[in-house]
Amino acid sequence: MTVRVGVLGATGAVGQRLIQLLEPHSDFEIAALTASESSAGKAYREAAKWRIDAPIPEDVAEIEVGATTPEDVPDDVDLIFSSLPSGVGAEVEPEFCEAGYVVSSNSSNGRMDEDVPLVIPEVNADHLDVLERQREERGWDGALLKNPNCSTITMVPPLAALDEAFGLTDVRVSTLQAVSGAGYDGVTSMEIIDNAIPHIGGEEEKMETESRKLLGGFDGTAIELHGMDVAASCNRIATLDGHLENVWVDTEDDVTVADAEDALRSAEGIDLPSSPDQLIRVFDEPDRPQPRLDRNIEDGMGVAVGGVQETTDGLQFNCLAHNTMRGAAGASVLNGELLAANGYL
Amino acid sequence: MTVRVGVLGATGAVGQRLIQLLEPHSDFEIAALTASESSAGKAYREAAKWRIDAPIPEDVAEIEVGATTPEDVPDDVDLIFSSLPSGVGAEVEPEFCEAGYVVSSNSSNGRMDEDVPLVIPEVNADHLDVLERQREERGWDGALLKNPNCSTITMVPPLAALDEAFGLTDVRVSTLQAVSGAGYDGVTSMEIIDNAIPHIGGEEEKMETESRKLLGGFDGTAIELHGMDVAASCNRIATLDGHLENVWVDTEDDVTVADAEDALRSAEGIDLPSSPDQLIRVFDEPDRPQPRLDRNIEDGMGVAVGGVQETTDGLQFNCLAHNTMRGAAGASVLNGELLAANGYL
Amino acid sequence: MTVRVGVLGATGAVGQRLIQLLEPHSDFEIAALTASESSAGKAYREAAKWRIDAPIPEDVAEIEVGATTPEDVPDDVDLIFSSLPSGVGAEVEPEFCEAGYVVSSNSSNGRMDEDVPLVIPEVNADHLDVLERQREERGWDGALLKNPNCSTITMVPPLAALDEAFGLTDVRVSTLQAVSGAGYDGVTSMEIIDNAIPHIGGEEEKMETESRKLLGGFDGTAIELHGMDVAASCNRIATLDGHLENVWVDTEDDVTVADAEDALRSAEGIDLPSSPDQLIRVFDEPDRPQPRLDRNIEDGMGVAVGGVQETTDGLQFNCLAHNTMRGAAGASVLNGELLAANGYL
Amino acid sequence: MTVRVGVLGATGAVGQRLIQLLEPHSDFEIAALTASESSAGKAYREAAKWRIDAPIPEDVAEIEVGATTPEDVPDDVDLIFSSLPSGVGAEVEPEFCEAGYVVSSNSSNGRMDEDVPLVIPEVNADHLDVLERQREERGWDGALLKNPNCSTITMVPPLAALDEAFGLTDVRVSTLQAVSGAGYDGVTSMEIIDNAIPHIGGEEEKMETESRKLLGGFDGTAIELHGMDVAASCNRIATLDGHLENVWVDTEDDVTVADAEDALRSAEGIDLPSSPDQLIRVFDEPDRPQPRLDRNIEDGMGVAVGGVQETTDGLQFNCLAHNTMRGAAGASVLNGELLAANGYL
């Protein structure tokens, strides 16, 4: 049975990736696209400056873009994907939920709200059930599910595997993030050619809090943040796609490289259409993963790990994921699939 | 009084920077240039593929390049700057020292030898006196002084200031290093455009050991490594010059951002011709320092720090220095000036 | 019926693209790989530093690489693809032809030889028959077929279409070429970051002579160079793949943009497995084609044209093709298919 | 005697370069800075996002930015430098001229107006006198002088030298332009990393018309456009500064490389504070000039030429100039110096 879906913020960088993923999707059918007022009423082809290096899907190109309000979305749409600036998301996402829509959102607003599940399906699918509390407390027919920030998603699958096996107490992470994470106009060429920027506004805090929620326990009612101490340092570099991260973890139990790589390689996946066959790929070559060479593994939905080494208190390793696929559009689609599989539509 | 100097490995990336610094130097005069056998006998203009964005000094361009052996260097040369591949350095530097030459070397061989001073003049000039032990034990008339690796030099001045003020127990550092650090042919364009490489062979170990020697104590005879635990993760990115580093330090004493910035800003310099007026510049803007904008502060001899934040166990901050100036050629020249000032020539 | 094929120079940049194209090929089966002496005897996985952003084909990875001599290639190989440095190609390609192998070569040696067909199948497939003269004169059982240089291939399909429609008298072309055209180690990162190089050794002459041979007449015996005057100016820029070219043509007949675009769009293709559905795609948007967005049209085998404008004496336009696909590996594979379709195997 | 100057549009990319040049200028003193309404009233330090890799001049940093109206500029300012978006320039520059200010403008509005001199001092200083007609016809006490577009300035000095020596009939030019030419936000990183864009809006027409005005004759009343046919093809590439151009010229007289290089090398300069010692530097190395290596010759005010070759109808060559120095800010400053030297202040 095909689920009719809508995309809020369809013209942006993540919106375009959402369309690239949803158009050929076996279970989903694109039924509505929205954007800002200035785009409303135009054909998607006109409204979006398509910048993906694959052609714009012809049938989607002809869809008329609506404004980002529930009124502009047909009633028979069952699932909404949202990738809006957080200020806009904070305002309109609740309107859609109140109007009965189920929303899988990539927008950063509300991710740490107690009754909003923040989910990576392979990591903490059980948190989904906090939606019952959400519906009860907010009186919504719809529902709001969030995926984490792209830089958080890159490191959390390996952190989850290592936490389960050895227990994590401290995490230090330094990121080398691609420009696409800031949207099409987010980083100018004069800022980044022959340069790097050691600051991305709000990013460090997102990594520090979201990761603890994702690895936190859920007792059926409340999600308790994981007790580990997380400190992040975020950098923008001149790559187009793919966030590379250097991670140090202190572990409760003793750990060897061999045991750690075993734990990573055997991290369990989940049976959803867009989930990768192998969640974590571990490289033996010390100079991998690299953004250009490895961001597309598992169609951009895998997480690559390499350079695993023992330290005095635990481990250090590098990890990489495609920030607009695994880290954003693909994450939302996967969450939509999770909602469908669990009867939330 | 002008010191006549020679440059070993004068055609390489650091060799060219050495010439750029030495040619206008008030106290030094270039009297000999050496390179590999294939370049010997040619004019420097022919032997070197000059790639600095300032013209090749005309008088240096006409110097005939010699082979890298003591026989090809005039006797009246008092000071040798060496920037050779470590294998070559390990072989020929001792020959020069035995022949009576005083060598300020940027080559990585022998940096951790017990009787070889590894010096950043503003940090551990007192280590220079281990040269007396060196001369005695090795029977040299000459002497061998080393500067650290470029990625080590970038972080050690701030580490020294913080160690003195608060005591360091643990250091984690993630680097974003420029391609010039690998020499002209070290990184191909296909490796680095739209990419980053999370591995630089041997670099992590250099940072982990050299930093502990630089901050180590010296009792007049032996240098004791500092007891702090250092773990490094090294990355190559698409910048031309300037190594940017994200650092976490755990401190013995409590520390605030204000106290830390005070300690950094008041780090003492040294009175040598090439030393910067202010050793460490601290930025208030959270997105600084950046390689392109800040690598040239203090004529490329300063260290820039920004993003100082408190963590659970200490601090995190970013630092930056020009890797072929402060981190290599300038470091060697400064060490040469230190040798001259201390009567070793 | 499957043709068993060998690849000479299999570890290089074009060699890897050849393997990427040949491994899934419906008619060809990889039966032999050769490289330099130092690689011979190793598994391909070890011999090649695989740098394509798709995984190395597992079955090819296990093939033992041979030396580049006919003795190291099994007798039942029917077709050889060659991508060797021109000096090596000049030496060993004749040895293979003499030993009876049919060779589709991307190497630049011998392209202008009178009895060597230089072919783009959609443009001058009829030139193939000069092979009869070649076999007669050289006494070969095998045969040697060449594809042109990557920068030539990019402009010749549109030139051919315009020449047929309007007659060309003068061509001026300025190129913006990707670094992959120089091989993996051909352009260092220090040469090209924040830079462009207005010279590629021998490239201008290749474009000026090869294009006139490709558009030349063939009377069954001799190929006569086209009489048009061609002047090229070649530049290397910081793109990974895709050569972009600005072209001016003076035409014998009057020409309008509409007529020119018609002629380009209706350029006939050829019915071979790797040939594109549409040879030339014409963009209406003035800022297209762009290397990153358009190099992969028609699986990298199409030629993109845009910015068609009238000039005083004819037209100016921009064109783009994927230099290691349409311009090198794909060109050779297509030529191999042409050889097979015409009974030369 | 020091001239008090003002800068309109002082916070933009060219505005910052203007300040970098004017602050240490021997004859000029910065007395007023203006920007858009949103910046008015702020200190320049706050209003400008300083992005030059040299420190912001401390005394300029404290100047309060005014709005871009004559009322916000002190009466004792004698000379105005303008670098405004052309729409704004078209509106406010006449207001300044009417209020009595002499304006040296880099803005593109009005460059082809018959009574507006478009000047490169070394090329057509005599055109300056059309200002008398301008003042008469427009009733201005002030005056409006323009410098050409950055891509025009790069090629016109060599064109002028060749035209004088051999007579030019046709010019074809292909450009590889730096991102700074579009201003700080003009080109996004996602547009240009691993990419090139074969279109810059309006740029081709500017090159085609401005070059003919610059080389045109002036009879004391009217400027007659040069009769040569000029066709330009403009590309944006991933360089920060420095426009590189491939040029073909057809000449009336026969020409050899030696004669052409003589004509270029002996192009006369002009005796103004900011003019270079040698206007045109000709490289013998075929791979020069290159943007990163050569944009700073003569402090960014020289024009570099290389790759001079004979063609059937004339010559081809490459040229390069620093687009925000020689091509914009430096061009305006030089024009300001020309105005001062000719008694227009």
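Points worth noting:
As written, the chain order gives the labels A, B, C and D, with residue 1 at the start of each chain.
The rule we apply is simple: a contact is a pair of C-beta atoms (placed from the backbone, for glycine too) under 8 Å apart; a residue touches a chain by one contact, two chains touch by 3 or more.
Because the structure is predicted, anything quoted here is derived from the model rather than measured.
On a Cα centroid basis, the chain most remote from subunit B in this structure is C. Of the two chain pairs examined here, A-C and C-D, the one linked by more C-beta pairs in contact is C-D.
Subunit B and subunit C have CA centres that are 47 Å apart. Distance between chain centres (mean CA atoms), subunit C to subunit D: 42 Å. For subunit A, the set of residues that touch two or more other chains comprises 51, 193-194, 238-240, 292-293. Contact residues of subunit A toward subunit B in the complex are 172, 174, 176, 193-199, 229, 231, 233, 235, 237-240, 244, 246, 248, 286-293, 306-307, 311-312, 316, 318. Within the complex formed with subunit D, the subunit A residues making contact are 13, 51, 179-180, 184-194, 238-240.
Within the complex formed with subunit A, the residues of subunit C that make contact are 51, 53-55, 193-194, 240, 292-297.
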